[in-house]
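Each of the next two complexes has chain A plus one more chain, namely chain B in the first and chain C in the second.
Up next is the complex of A and B:
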């Protein structure tokens, strides 16, 4: 079997139909002007030419998922006594995420450290993750706000993908990354990829060149002085309206809330995404809120991605540079600009600019 | 050009205010972002062009110090509504009004250019925006890519201001045109409307960008979309919950929505949420002959009460 594959464009749908035989295939589909990952079906319009508005994170990490259902039951013998019945449905179908961007796939590796590579893995996430094949599509050119190369990724970065497609004139060059990904080369629509290898590598290199790196150095070094300076944050994010667009569209944000949603003695315990930009995120039962202001909440968002997560996970940055938080921010807050100003080299630049002004 | 006049006005008021809220270039040619000017040197960062879309007035109620603000005609309606509702202190706000001939909807431009990355943007003297992409330049008439509100704008000149940067402009759009889109939508059957909204609202990710960008959403951190007491909306992602939130948002804005369109502009999933609010405003106009944010001395209908409303026939039911 050849090491790489090639999928002619006219066979893409056949290939997806083949994958859909034993899995639910999520692919970027057009709805009006919006690109959303939807279960593939014949009546949908596929859209591969730009990154989806929302990443495919909800396929593996649903925005809201039932942990278990519960029902309170009265003891027929003794009406003072109540028992509670619990039911958990952990069945997960086989799934494929098709034509996600490399940054979207890399996002899952950030979740894996939290939900799988620990002493107490999360069974819900783990099962979905294991049941999902991720076939990415490398980016031909950056979208507005993209900065993947600044956080160690790239338009053809393979971390998190099971296989990666690169668009060429008449089809897609396919590189398997994992064992799971190798298996797709067996499908009948896939031709030998070796004649296309060089062209694909050229396309990938060209794409890499085009992505901006907003950070001066290869290794992001955040200035602790600035990071802990409230005035910096007040200034930097005075325009933030504190909505959850950035977090909910983020392929690496994973904070959640757990609530019991109950009516007349039965209900379900659900886990749903939460956003540190919301006032309620840290609201305590006493009504005290340790992060009552917008800038404190924004500091947490940047801190989690660029300071706290790296401290905990061996320097790994919890941002894949997909640019969605910049593209879709109601007021165009630019996290790459803020982080760049926070770095030690950025701090030096600002000091020089400040003294020049005086 | 208005830009110089806006800069002049800001320079004039800056000594008297803590900060002036206006616009600067954003992360790419198509996007602007707010600029908070505190010292004269920062005035140079200001830009003024049809991409200055955001309604900046939503920052006003949370700022306690004296501030200056740059507003278009449509934005000034928010200030009028704030004054009516006692949400801001007129003495603490210095308004620089800029007459406006229409702004640009970034979403419409992106649709026109096939969502290409934008290398740069220019404006010519004939009312066009020229968008540069790697596939060449594209010239679009601003009138063709303006937000829907501009196509029927009745208030191109701000209603309240302390300084006017430019000559007043009169609207040439017929008054009847304002609610035309709602009347047309109303012709759909109930089933069609239901199907339409189900399809649109299903896309909602409950990020609340529409709520937080809305200048008239004043419940802020106490919004019932998130409170556990009362527990009106669960954290489930069902269509019912999404529908409920958007209905509450719309109903809370009855007779208050100034139709700035921010809710729709900021929606990352492109849901036409402004239509819900406009529909309710259309009803309010019909019932109470009231238009929000145009008369500083007016009283919003939901802030007052008449035992016998002329157009509500509850006694005859």
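Up next is the complex of A and C:
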């Protein structure tokens, strides 16, 4: 069997139908003028020509999911006595994420360390992750705000992908990354990829050149002095409105809430996405709030991605540079600019310029 | 799959006894419904648990009974929000859920052979109680035990029966205080940090463990520094809004540390290394 594959453009839908035989295939689909990952079906309009507005994180980490159901039951002998029954279901169908961008796939590896590589793995996330095949589409050109190369990724970076497609003139070159990804080369519509290898590599290299690196060096060095300087944060996020859009659209944000819903003696405990940008996120019942201001919350968000997470996980940055928080921020807060200003070289520039380099 | 334990699924338990400690604090003694589970359950003093009222939610409380007394687990709950209000409505026989033990614990091994100074305020005595009882059950392992405890008024003092017991013991030095004069109160008055200065315990071979409202902790830490206690010998246990209890959900972090998992017990030396959004 050849190491690589090639999928002619006219056979893309056939290929997706084939994958959909034993899995739910999530693909970027056009809804109005936004692109969102939806279960593939014939009536949907696929859209591969720009990154989806929201990442496919909800496929593996749903915006809202049941942790367990509970039911209060009356004791038949003694009606004053109630018992409780709990039921947890971690079964999920096979799934495919199709034509996600490499940054989105890499986002899942950032979750893996937190949700799987721990002494208390999350069974819901783990099961979905194990049951999902991720076929990415490398980026031909950057979108506004993209900075994947600044955080160790790239438009054809393969970490997190099971297989990667690269668009060529008449079709897609396919490189398997994992064992799971290799299996798709067996599908009947996949041709031998070797004649296209060189063209694909050229396309990938060209795309890499086109992505800007907002940081001076490859090794990000955050200045502790600046990071701990409240005035820096107050200025940096003075326009932030704490709407939380950045967190919901982020392929690496994973903060969540747990709540109970109940109706007449039974209900469920639910886990839902939450956002550290909200005042209520850390508000305690005593009314004490450890992060009451917008700048403290923003500092925590940037800190988590660029300082705290790397501290815990061997220097890995919890940002994949997809640029969505920059593209869709209603007040144009730019995390790459803020982090760049936080670096030691950024600090030097500020000193010589006498003010923030904005 | 991968048969892993579901960390979100509570163990079912029954409320055995409810004790009214103060006008707004109740203690709940609970036991797992499964007797095998109760027999096999172990924890360390200072570890916490998530107590669930199904349909309302769960909140984090320290297990304030000691691991040396395992007929039940005790949680003391101040009525403050939605979940604590629902817990206050529980009666013996009611069903709850427990996820425990969570978090780290008091470094009691390193405290062996030393003098122990407890400084508590209000409900802050709860986490100290587990360690006090544990130490009293292993009394010969420790030298002098001093407890400074205060609350706003005498009715606000928790564990009144135990306070009486400790007061009568010759191997415990208990110092009680309330904020202001109160009819029938003949002991000290004044805030806990002020009383700490008056008592002025020696820092020699002594470890101080403190818990109480944030403002009390702040001034107690200052007081201990003035008394020349070393940062490594000052231990506190923190409280935060928590949901998952396993270091995932993102709300109880102070920098890269999660209070639910890396804490709740920290030394002042550790806290000084962390950002100050406590």
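Assume the second predicted complex is superposed on the first by the 354 of 358 C-alpha atoms of A that agree within 3 Å, B and C clash if a C-alpha of one lies under 4 Å from a C-alpha of the other, contacts with A are read in each partner's own complex, and residues count from 1 in each chain.
Keep in mind that, in the parts below, a residue touches a chain if its C-beta (ideal position, glycine included) is under 8 Å from a C-beta of that chain, and two chains touch if they have at least 3 such contacts.
For clarity, every value in this text was computed on a predicted model and none was experimentally measured.
Chemist: Between chain B and chain C, positioned on chain A by superposition, is the outcome a clash or a fit?
Modeler: Because the two structures are overlaid on the shared chain, the partners are seen to fit without clashing.
Chemist: Give one of first, second, both or neither to describe whether A:330 is in contact with chain B, with chain C, with both, or with none.
Modeler: Touch partner of A:330: chain B, not chain C.
Chemist: Considering only touches as defined above, state whether A:272 meets chain B (first), chain C (second), both or neither.
Modeler: first
Chemist: Report for A:296: first if it touches chain B alone, second if chain C alone, otherwise both or neither.
Modeler: Touch partner of A:296: chain C, not chain B.
Chemist: Give one of first, second, both or neither to describe whether A:257 is in contact with chain B, with chain C, with both, or with none.
Modeler: both
Chemist: For A:198, select first, second, both or neither according to whether it touches chain B, chain C, the two together, or no partner.
Modeler: Neither partner.
Chemist: Contact-wise, after the overlay, does A:307 reach chain B, chain C, both or neither (first, second, both, neither)?
Modeler: second
Chemist: Just the number, please: smallest Cα separation between chain B and chain C in the overlaid arrangement, in Å.
Modeler: 7
Chemist: Could you pull out which residues of chain A sit against chain B in one structure and against chain C in the other?
Modeler: 257, 259
Chemist: Over in the complex, which chain C residues touch chain A? Could you list them?
Modeler: 1-2, 4-10, 12, 54-58, 80-82, 84, 93-95, 97, 214, 239-241, 243-244, 246-256, 275, 277-278
Chemist: Which of the residues in chain A come into contact with chain C in the complex?
Modeler: Result: residues 67-68, 70, 72, 80-84, 86, 88, 90, 114-115, 118, 120-123, 126-127, 130, 228, 254-260, 262, 267, 269, 271, 274, 276, 281-286, 288, 290-291, 296, 300, 303-304, 307-309, 311-312 of chain A touch chain C.
Chemist: In their complex, what parts of chain B are in touch with chain A?
Modeler: Listed in rising order, the residues of chain B that touch chain A are 26-28, 30-34, 36, 41, 54, 58-59, 107, 110-111, 114-115, 117-118, 134, 199, 203, 205-209, 211-213, 220-221, 226-228, 234-237, 262, 265-266, 268-270.
Chemist: Of all residues in chain A, which touch chain B in the complex?
Modeler: Going by the criterion above, the answer is residues 31-34, 36, 49-50, 53-54, 62-64, 141-145, 238-239, 241-245, 247-249, 257, 259, 261, 270, 272, 275, 278-280, 324, 326, 328, 330-334, 337, 357.
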